[in-house]
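Here is the structure we will look at.
Chain lettering (A, B, C, D, E and F) follows the sequence in which the chains are written, and residue indices restart at 1 in each chain.
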């Protein structure tokens, strides 16, 4: 851990806030991706069954 | 083969499935390397002390916040002119990413400004235009959400993006004009590249590369999701009609 | 003047609803569109009126020759009957307000605010607007909704006079208008087929092969 | 064109048309802000140009959704779109009508509100001039926003979110004219820029708005 | 009651429901005012309490017409009026739902906007407290205004005119709390008055609003 | 439970439209209201439902016993079919959502957003709401608008089952519902007379003598 001196709060909060936002964005993206993929697979399977 | 072939959804899905993992891994590698390098292994600035470490988040996110809007502008134009659906969906996918980067730039800027300028916020032209950019992102996203028909939404948001870009530029100059001659926010910012010493510059470059790659990876991922969502909607609608 | 439509396909909400539609409608003739709810009558009329582009196919008449009467009448509640008509006459550059009022039996109501009309009178006013447009091809979407029998007959006469004067009319309706001479086009057979049944595929079908 | 203009003006004048409401809102805001901010004359006078401009902008904003939404709901917009009048002209005329029932009255009463807000004497002329030059831009930009949301039910708040960022340059230059004028400084540059925005917006945005309406009617 | 509340919240959350737009508008205003007024921190800090309160009030105002107008247009209001639930309870629950989707988020983000407007540090706590106490009154009073204009087409502007004068006391006391708090003065009196307004409005206005709706449905 | 109306007069927009109306409707019976457009059917139903006060006359049933279905369905486009019904069931404190979905043939659509229903399906959902209110006296204003023949028959069955279970229904309609057992009340004779013809004078007539 480097010595951040009197600015420790500013630097650490910046990193924490940014990483939090990035992780939230990536997490949301992956979650929604997985959900839509699953829904699509389900509907495709259902329509396959009904038409097939 | 024309580059437009990639605008075919199927083609895009195949290609992006292949490219995405590489970009994602590379993005992660660059981000981790750049941030660790910057955070742990760079010296403090003689004037700004350790706050200079914020630069590794602040500058890349600020750059990408603007670039994301430019990318949305380009894809919107492509949609309006050539009617490639993937293009419109890529614009839709990029907006929340751009918004997040804008917020990161604002937040890190605020944390930086507190020790440097003695205030969390000053109505400095650059800061102000970023706040206005946030508003454009919010409006763009809200319009996508409010319109139900996907093609209508794509058209309307594309028009908004075009007109909005012109006004965003105009606002930028207006804001510069507005804060001239008045009390200038104590700007310690190292405005010119030359001011940044190599010790800071190299890890910064790695971080910028990381943010660019992260942006690409996220846009690819989200565009894939939007394509799937669009197809899902089409299938359900057809079920309805039958 | 002739409206000829060839191999038309129209879409609503991104979905193809009618396809393979071809017909001709010559001056002096009327054509009745029939079909169950939701088959796509309104969509077809809006396409012909130029409000939405066709998916494929050609429409011979430019929108400038067409007067479209939709479900909504486009009346302003705070204008009088005459003012409403005068506005549309001015927009279309004609001066037939007086005649239109007479033909649709609205003379007695000319100075009444549209807000104070009954539903049937409102509908009559909406139909009178067709007369002041001076256009020859009428596209009518359920024109007789909420009209009583006498008004339906009156309107039938107006359509017949329009045809006799060289106009033409395309009418989507579920009820009998008393236009014995009109041909009928049943839209059921032109319903768009689902891809499973060999129909055209949507924009996004190719994504997953 | 004349017919559409006179119809829109007549609709605005008759009961329920909302003429005068924008004005009343402007007045209310000029009363509310001193109540919220406190009565010290120095502060009020300093913020008066900005508050008056923000007030004009909000008063304009609140009546924007009437420009197209009413015509959309009762079907007139479909009929106008199929009429011989080009949709671009429809948009331009409707924006003009909106300006005549909001922008013009706002400009005329602004000096009165200037008194309420302790605007320095030198500022009055510039206030009226800047509003006269700037409010047409507000109406045209607003018409563009209204065209974007014409299909959205009760889209008032969405409309504000879309339109207000577009108002930023007009607001800045407009308020700047008044501020500099009140302080006895040079105002030519912001005044020219304001006029430029109005001209450019008036010349170009009707096309964008007409395109948006066509998309929404589809 | 729970069913109505959860329905209204769900409607606000789903697409087109406008949740978050009030917030965006609040943010917009916090940007526009400095753009109009000028960037000097001192002036801004002095007017911040008033501007923040006026902003919260306008953000609230713009979403008011959704409270009853949508239900009126699709016929739900007729059905609710003939349901076993008393119309007074309907009004109260709908005002509560409106507060939860506008007042609460506004209160929570207000400190961030305080930063933008250079609000003195001592003011933040009072800002949040005064908004938490005052915004319920805004929603209830607004519901009363919305009930008055429920039959009027696009009555947004009329609604603003009716409601803004009613908002004056809330605004004055709310802004006063923040101003005094920021200056380190005694705040008990305006705070109590603010709470009193909220309580009285919450207790009485639902009855007036229900009466107004009954008259409008007739 | 019996609805009895005696010497009722109702007004719309300050004008008396129907007067001298008296009828009884007992449990297990249905009554069809007939009359030309504008005669006052909607006004009468709204008065009986308690939404507006009668000018003169008595209505025996309190509004709490009445379920009113107007032209507008009161559906929320962004809620699903089941969510829409569950809301009304919760408001009325019943738990008949499942049965209502079955009776109106909506089970297959239960998770579809109301926005994505066709006009006829929307109407079916609006009528299903009647079933979850659990109330006995139904007041229906043109209930079969935009329903196709099969749905009209389905609805006729539902009404008959409701009558058999001790309910009652008062239905304003222009078309034939296939309820042979229902009585018909023609409203034409109850049209309010103008003062010149000896009718009651309005609030303001006396001012000018």
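Just so it is clear, a residue touches a chain if its C-beta (ideal position, glycine included) is under 8 Å from a C-beta of that chain, and two chains touch if they have at least 3 such contacts.
Because the structure is a prediction, the values reported are computed rather than measured.
Taken together, subunit A and subunit E share the touching chains B. Counting only chains that touch, the fewest steps needed to get from subunit E to subunit F is 1. Using the mean of the Cα atoms as each chain's centre, the chain most removed from subunit D is F. Residue numbering shows that subunit C and subunit F use the same positions for more than half of their mutual interface. A centroid comparison over C-alpha atoms places C as the chain most distant from subunit E. Inter-chain spacing, taken between the CA centroids of subunit B and subunit F, is 56 Å. Rounded to a whole number, the gap between the C-alpha centres of subunit B and subunit E is 33 angstrom. As a whole-number value, the distance joining the C-alpha centres of subunit B and subunit C reads 48 Å. In subunit C, the residues touching two or more other chains are 194, 208.
The set of subunit A residues that touch two or more partner chains comprises 44. Shared contact sites, meaning residues of subunit B that touch two or more other chains, fall at 132, 135, 138-139, 142, 146, 148, 175, 178, 231, 237.
Across the interface of their complex, subunit D is touched by residues 16, 18, 21-22, 24-25, 28-29, 31-33, 35-38, 43, 46-47, 49-51, 53-54, 57-58, 62-63, 65-66, 69-70, 152-154, 156-158, 160-161, 164-165, 167-168, 171-172, 175, 179 of subunit E. The part of subunit E that touches subunit F in the complex is made up of residues 2-4, 7, 10-11, 14-17, 71, 73-76, 78-85, 217-218. Within the complex formed with subunit D, the residues of subunit B that make contact are 132, 135-136, 138-139, 142-143, 146-147, 152, 155-156, 159-160, 162-164, 167-168, 170-171, 173-175, 177-178.
By the touch rule above, subunit B contacts subunit A in their complex via residues 35, 39-40, 44, 49-51, 53-54, 57-58, 61, 96-97, 100, 103-104, 107-108, 111-112, 114-115, 214, 218, 221-222, 224-225, 228-229, 231-232, 235-236, 239. Those residues of subunit F that touch subunit E in the shared complex are 49-53, 63-64, 66-68, 70-76, 78-79, 83, 86-88, 90-93, 129, 133.
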